[in-house]
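Attaching a single structure in structure tokens format; questions to follow.
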Amino acid sequence: MTAFIILAILAIVGALGVVVARQPVHSALFLVANILSLAILYLLLSAEFLAVAQVIVYAGAIMVLFLFVVTLLTAGKEEGEPKEQLEGQRWIAGVLAVGVGIALAVLAIHHPGRAIASGLPHNFGNLHGMGLLLWGPDFLYVGAIALMLVTAAIGVLVLNRPVRRQAPRPQRRNEA
Amino acid sequence: MIPVNWVVGLAAILFAIGAIGVMVRRNPLIMFMSAEMMWNAAALAFIAFARHWHDMSGQVMAFLIVGTAAAEVGIGLAIIVTVYHRRHRLDVDEISGMKN
Amino acid sequence: MLVVWLMVVALVGSFVTLVVPRQSAKMVAAIVGAIVMVLYIGLLVHPGQGVNVSWIPAWGIRFHVGSDGLSLFLLGLTVVLTEAAILASKSAWGPVYFFWVLFLEFGSLGLFSALDLFLFYIFWEVVLIPVFFLLTSWSGPKGRRAGMKWLIMNLFGSLFMLIGIVAVAVIHSQPFGPLTFEISKLVHVHMDARVTPWVFAAFFLAFAIKAPLWPFHGWMPDAYREAPAPVTALVAGVMSKMGLYGFLRIMLPLFFPEFVKYETGLLILAVIGLVYGAFMALRQTDMKMVTAYASLSHIGMIALGIFSLTRAGILGATFLMVAHGLMVGGLFIVLGLLENVGGSRELGTLRGLNASAPRFAAYFLFFALATLGLPGLPGFVGEYLIIQGLVVHHVVFAVIAIIVLVMAAWYMIRIFQGIMQGPQGDLEIADLKAQQIWWIVPLAGLVVLLGVWPNGLTSHAVPSLYHAVHLLAGKGGSV
Amino acid sequence: MSLFHGLLPEYIIVGFILISLLGNMLSRKYHVASWLSLIGMLSAFVASSHLWSFVLKPHMFLGGGAVIDNYSLFVNLLVLLAGLGTILLGWDERRWGTEFPVLVMLAVLGMMILGLAGNVITLFLGIEMLSLPLYILAASTHTASGGEAGLKYLLLGAFSSGILLFGLALLYGAMGSLAFVNFAKTVATPTSPLLWAGVVLSLVGILFKLGIVPFHMWVPDVYEGSPTAVTQFMAFGTKVGAAAILLRFMDFGFYATPGWWGPALGYLAVLTMIVGNLLALPQKDLKRLLAYSGIGHAGFLLIGVATHNLQGARALLFYLLPYGLAVLGAFAVLSLVAGDRDQVSVSDLTGLAKKRPLMAAFFIVVMLSFAGIPLTGGFVGKFYLLQAALFANQPGLAIGLVLGTVLGLGAYLRPIQALLNNQDSDSTAPKPKWTLGGAVVVVVAVVGTIGLGVYPTPIVHMVNQSANFFWLH
Amino acid sequence: MQLLTEIILLPLIGAVTITVFKGLMPKKLPGIWASSLVGISFLLSIAADVHLTHLGVHHRFVTGTLWTWISGFGPAIGARLYLDPLAGIWLLVITGIGMLIHIYSIGYMHDDPGKARYFSYLNFFIFSMLLLVLAGNLIVLLIGWALVGLASYFLIGFWYHRPSAVRAAKKAFVMNTVGDVGILLGLALLYLHYHTVGYPHLFRILSAAHPGSAFFEWTAFLLYVGAMAKSAQFPLHMWLADAMEGPTPVSALIHAATMVTAGVYLMARLYPLLRLAPNVHYLVGAIGAFTAIFAASIAIFQRDIKRVLAYSTLSQLGYMFLAIGVGGFAAGVFHFMTHAFFKALLFLAAGSVIHALGGEQDINHMGGLFKKMPWTMAAFLAGTLAISGIPPFSGYYSKEAILGQVFNSGHTLLWGVGVLTAGMTAFYMFRLFFITFLGAPRDQALYDHAHEAPRVMTIPVVILAVLAVVGGFFRGWLNRWLAPTFALYPGASHAGLESGPLFGTILTVGLAMIAIILAYWMYVKKGVAPNAGSAHGLGRQAFEAWNLDTVWAWLAVIPFKTLGDWIRPVENGILAFVNGVASVVWLWAADLRPLQTGYVRRYALSIMVGLGALLAFYLIRA
């Protein structure tokens, strides 16, 4: 319980940091903190594999990508955000999100649940267990993820191609 | 023993913070990070419930979320870069040419 | 079967006009119209059984068409008036114009012969489209607005009717019966007392807007004013009958108790339209608008006949529907030709034309007299029957109706004299040439025939009419 | 039937994606990829049709994660139609590069997965797989509006996916299972708050994709900014996918307890129909107009779910086809009129009837189908929806449908009147050119639209068969 | 039956052929063709009447149905014809006098470019009038009734380029329509109660009924409204004077001899119904008497030769209705017959005068014409004597019959009015005669041009003059002739011709003689100007027909037009409502558009709002 509280505070602080930080780099770093604390929480929740995956994929790959882009886009540019201009945006968003969050949290905490008496199954959440699933019955899902990553690759390719504005329509006879 | 319900409560709070981030920040990168945070919150909830139900399919789902997030971040960052690489500021409110 | 052929010929013919050379489109359209007329004569001789085949079996929808006494003559009205409209149109309006006119004929034929409620609805909306396009493309910017108004208002009403139709079918199928849209079967539907008024209102709205009954005529002045004269003739002559036909064909059998319940209110509505149209017609200076409001008044008269819920009234309404179509259609066509040569429709601009155009004057006067209900011409027959029906229970309305008949004589003669008689103005117009308008003579002959021998129509209409309103017996009174 | 057999269309698409990628490496010729994708989708189409008779009884795989039945196959057919149309419309759009067909196929795959999704995982994967290529496609024009469209779509998509995911997580927590089949079994009893919170959150995610008010805001901007062919794909394909999963999710997963989720959807449907069609009225940009009309149509589709009866499911499925055909036709004409531009305003249509009568006629037909005029498929669809609403004893939905239709009619009449308007037409403006792909799409759309309007019986039968998943319980 | 059909159809054939082929016909043909057709019709009418005499007294009618006119809502109504002695009289008068006037018109309309049209109208009128008279039920009667109105409309407006003619035609048509719809409603009521409007049948039913119920009063009143309009009874009389805008032979035929007496015919026809409605029956007589004296008062001050005759027609029609009102049906019919003779005569003679003076109708420009037009003068004198009721001219007998019956029935007041009117009649008629034919010419130029009419015009005039002189001697014959008709009606005790007390006769004739002498003294001896007395005061009011036109305008025309103007805003409101809904929708759309701000964060917020709302919705419901 203590561990949970500490991790929770860490995660929340990280999350708040992301939202509050003035500079994107700081936000990214706060997000790393958040992700790491969550990873530890995963461990506590008997999800060893995911904890590892979280660290490697999120903290390792995704956040690095973020940091890279942040530096790419903010280098040599003015930093910081101008003042809020949309009327009531912060206020309404805050109230709504806090309301929704509190409502959900309360619901979740009060959810009775049906305690399962027996202990965890064998290999629950470790590499072995996940492997059996992901390379077994759920392999198709992994295939889908693979296709998505391919999509991402294509996307980067397409989006960063040199711009050809107003490319002329191909003339049919030229092709022939 | 971690109280699963409390973990889900934490996830809800993270989710809300992420939502606030998306709605309040004007830097697209931070907005995107906040959205990722919402995904993370969902993954956390899945894992917590997987623990609760002693059912690994929740963890599989969480894994898939992480994988998808990776793909999405790739595309997202690419789009953000294409949109902003010539702009002065990273301000999402500037990208509002289409309206009404 | 023949009735289907009528529709097929009209439909195929409409597409044929699109592919033939531009200058021969009118001729082709006229030939198609003539073929339909010939087929219609066949139909008159052998009314036949119609066609009843499954169309969308999943919803119990059948392609069920047929012609009985109620629809037979409205089909005839459609056929005749369409041909007249084609002949009265300018060849220069192009193939698409004639396509739409024939398409309108197709839709109208379908509507009047449909015996399945779904089919009825299909045609109900199909006929809206040609008029919209005719208004949009063959008149000015005001016409575009009028077209928009026409389509949106009518569709607004008819969509509520669609709800009504589906509601009736759904209620009829409860519990767990198959869906059906056959009018003859839906008649036996048992509706909850809380639901019925709404369904009634849904149907009523559609029919009242299309007719148009007062005060649902918001689309009417613009559409009548802006449309090319032959189209106005079709709208006023044929399409306005669709709403009234709907009352007879669908609402009376389906909602007879409601009609009895709301009778007074409905009669008041109709009578307001009757009086209102007459007063408006009296104060117009545009000859087309006089006719338009006169038409509104007549629609009120027909509605009065229907809502009187007596045999005579309903029979009179049936008769007047056909007769009014021919008369007002002919009148609009003549006015349109007059506008073409005179370049105006205004009472002050056009005056004393009788001297230069006696034929115009003669045709104008003939149709004007028919419209105002001169005894011996069919308008009188219908009006007589309606008044005969009204005196059974509602003498007050009969009195109002006859006062309006006097007003009709007044406004019609006023507009005729204003344009045709009196000292001759500066305007001299070319009179009609025989080859230009030979076809209006048979039309006029038909009108005379109807006036002299109305029994030819009524005796045919009666059996199906009483079938449609068999519930009338419960209300007593054979008149 | 084996899983492999059942997933044959999907496998074919995957195969052709891989082949195309390979082909792209080997040959940079633009049309190779287009042809490959065309063949691929056609074969998938054939495969789906072939499977039709094998799945009179639904087959479940992956523990309920994938349900192969007539429903999924019908969705496949619709989606493939959308994909084929997109490929044909984009046939000559060389500037998008050879990756364009691949991306379309990827999105098609995502939509197909949505059609067969039977658990939370496939739902999520399908939605993401549908969205990711579309983010790219939306942004792919390298124009300011294209970038804006992509960015908005991306940010909001990520946001809504987050909501969806959290909702799914809550559902999982409440149910202890990811499969809809098990939801249905568990949910029979009165519900826990966690459950409905989960339903609400996941609904928001799905309704966002469908474009329901108030989750619709991205639609006009993204449609306007995207290339025309892609817009068409979004308007048709995304709606099919989202509607398919929404139907399966609600009507299959929560069939037993319709009473508590139905009304809210009903209100949203009415709101959407009215707001969407209302806002379509004053639009000047044609794509934006169609976008708002798409929102309105999403409202119509939602009726089918809100009625939570068999007729509703059938009607929704049916309505997707005439709607899609009209979208195909409208956007095809739009792209022909636009030529090289990406923007088409209503006034650009002026005088089209004179310049290209046939094109104008086709456009009119599809517009009338949108408006729900009889003898077009749109009418039959609306009729079916109305039937469903009244069978469900929800006249409010029917009235909303009517009001929405009338408002929409007002919007559709404006382009029609513009193209019939000969007076104000700019005679110097070049005539739009027919392209082969565009012509094929338009003709198919128009023939299909009228065919559906005149003789819908076969499709009605197909649809009625497809909606049988409903009776699993 | 066939005979009846032929009688009716011949003029119709004439009308149609002339209309269709007028371009092909030689100039003179239409007149001859039309006249000969009517002539044949006349001969056939005689044959038909002769045929009637061969029928039994209790069965003296010919009837039959040509075809079923309408059916389906009750017993069928046929296109029926019916000839009985009553109709027979009208038949003879219509075709006979009609023929004469046709012939006269050949001369009168000789120079008019529209004469083919004229003859087709005239033939059409004869057809309609025959249809009216020979109708076998009220429906056919109503058709004929309206068609004669139409023919009258055509002929009044014959010179359609004259605004006054056009206005008069419109007035006549609209007022006649008032009558038409009265009959329409009345017959609808009759049909409703008895399921028939066919003649012998209807008479039988009505004869069996007992008087006094409101239904009979209403029905009779409605039918009487029809008769009132057609026969120009007060207050629906104004159209008749204006109708003089038509050619003079038309005035003779339609607006004196035949059409305007259709009301008398209808009332006589509906004798069984009037019997059942005592109040309306009395009303008929009272209004008749009032019309008679009222019109006479106007006629005294008129300056237009035709207007004088028109008002005298009105006055004489009043006599006929007076007769009917007291149950003297035969007397009414008798006066109709003699009136047809002498009034047609007067009009034709007046027409000759007008013709001779090149269209001048104002008596201020006449005078001394007896030298130029002796034949015409003689004929006119005969007519004037007849109308003034001087024995032994025809008018004396018929007027005596009426006044006698009125006196016998005990309506002393009505009788007094009748007697007074007789005196006035003699005065104004002789005023007209003296001013026109005697004295010095008032307009020398016109006088110099005057000439006797051609023979084609004088011969009909002379024939009519003879009839006007001897018409009274048909008295006994008529009584016997009509007896079978009225015998069909029970309680017809007063139907036959009666004579009044001797003092009445003396009083009437004496009054007339005094009036003639007064007129002679005033207009020949003293040479009073014709327009003297009509310049101001009561005379002016009388000259302007007591300004009833204005009253009518205030009572009917202006209210209707004003109502029409009031309705216009309502109409604008309805139209504006439609447009208003459109603009409200448009504005609404315009108001909603800014919500789509283009800011992606707003969009996200909107999603969140939706989410919150949905959650709240379920929270509240949960």
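Per-chain residue numbering starts at 1, and chain names A, B, C, D and E are given in the order in which the chains are listed.
We adopt the following convention: a residue touches a chain if its C-beta (ideal position, glycine included) is under 8 Å from a C-beta of that chain, and two chains touch if they have at least 3 such contacts.
Keep in mind that what you see is a predicted model, and the values were worked out from it rather than measured.
Note down the smallest number of touching-chain steps it takes to go from chain C to chain D.
Between chain C and chain D, the shortest chain-hopping route counts 1.
Relative to chain C, which chain has the most distant C-alpha mean position?
A
Suppose chain centres are the mean of their C-alpha atoms. Which chain sits farthest from chain D?
Most remote chain from chain D, centroid-wise, comes out as E.
Most central chain by CA mean?
C
Going by the touch criterion at the top, tell me which pair is linked by more C-beta contacts: A-B or C-E.
If we tally the C-beta pairs in contact for A-B and C-E, the bigger total goes to A-B.
Return the distance between the CA-based centres of chain A and chain C, expressed in whole Å.
Taking the mean C-alpha position of each chain, the two centres sit 68 Å apart.
Between chain A and chain E, what distance separates the C-alpha centroids? Give it in angstrom.
Comparing mean C-alpha positions, chain E is 101 Å from chain A.
Using mean CA coordinates as chain centres, what's the chain A-chain D distance in Å?
Taking the mean C-alpha position of each chain, the two centres sit 28 Å apart.
Need the CA-centroid distance for the pair chain D / chain E, whole Å please.
Averaging C-alpha atoms per chain gives centres 77 Å apart.
Would you pick out the residues of chain D that each touch at least 2 other chains?
Each of 121, 125, 128, 132, 135-136, 139, 142, 150-152, 155, 159, 163, 166, 170, 173, 176, 193, 197, 220-221, 410 in chain D touches at least two other chains.
Among the residues of chain A, pick out those that touch two or more other chains and give their numbers.
Touching at least two other chains: 86, 89, 93, 96-97, 100, 103-104, 107-108, 110-111, 113, 138, 141, 144-145, 148, 151-152, 155, 159.
Hey, what residues on chain B touch two or more of the other chains?
Answer for chain B, listing residues that touch two or more other chains: 8, 11-12, 15, 18-19, 22-24, 26, 31, 36, 43, 45, 48, 50, 52-53, 57, 60, 64, 68, 71-72, 75, 78-80, 82, 92-93, 95-99.
Output every touching chain pair, sorted by label.
Pairwise, the chains that meet the contact rule are A-B, A-D, A-E, B-D, B-E, C-D, C-E, D-E.
So in the complex, the part of chain C that touches chain E is made up of which residues?
Touching chain E: residues 149, 152-153, 215, 217-219, 221-222, 276, 279-280, 282-283, 310-312, 315-316, 352, 354-355, 369, 374-376, 380-381, 383-385, 387-389, 391-392, 398-399, 402-403, 405-407, 409-410, 413-414, 417, 420-424, 452-455, 458-459, 461-462, 465, 478-479 of chain C.
Under the touch definition given earlier, write down the residues of chain C that touch chain D in their complex.
Against chain D, chain C makes touches at 55-59, 96, 118, 121-126, 128-129, 132-133, 136-137, 141, 144, 147-148, 151-152, 155-156, 159-160, 162-163, 166-167, 169-170, 179, 198.
Show which residues of chain E lie in contact with chain C when the two form their complex.
Counting only chain E, the residues touching chain C are 67-74, 76, 79, 139, 142-143, 145-147, 150, 153, 157, 160-163, 166, 169-170, 173-174, 177-178, 180-182, 184-185, 188-189, 191-192, 195, 560-561, 563-565, 567-568, 570-571, 574-575, 577-578, 582.
Quick one: in the complex, what on chain E touches chain D?
The contact residues of chain E facing chain D are 582, 585-586, 588-590, 592-593, 596, 598, 600, 602-604, 606-607, 609-611, 613-615, 617-618, 621-622.
Could you please specify the touching residues of chain A with respect to chain E in the complex?
86, 89, 92-93, 96-97, 99-100, 103
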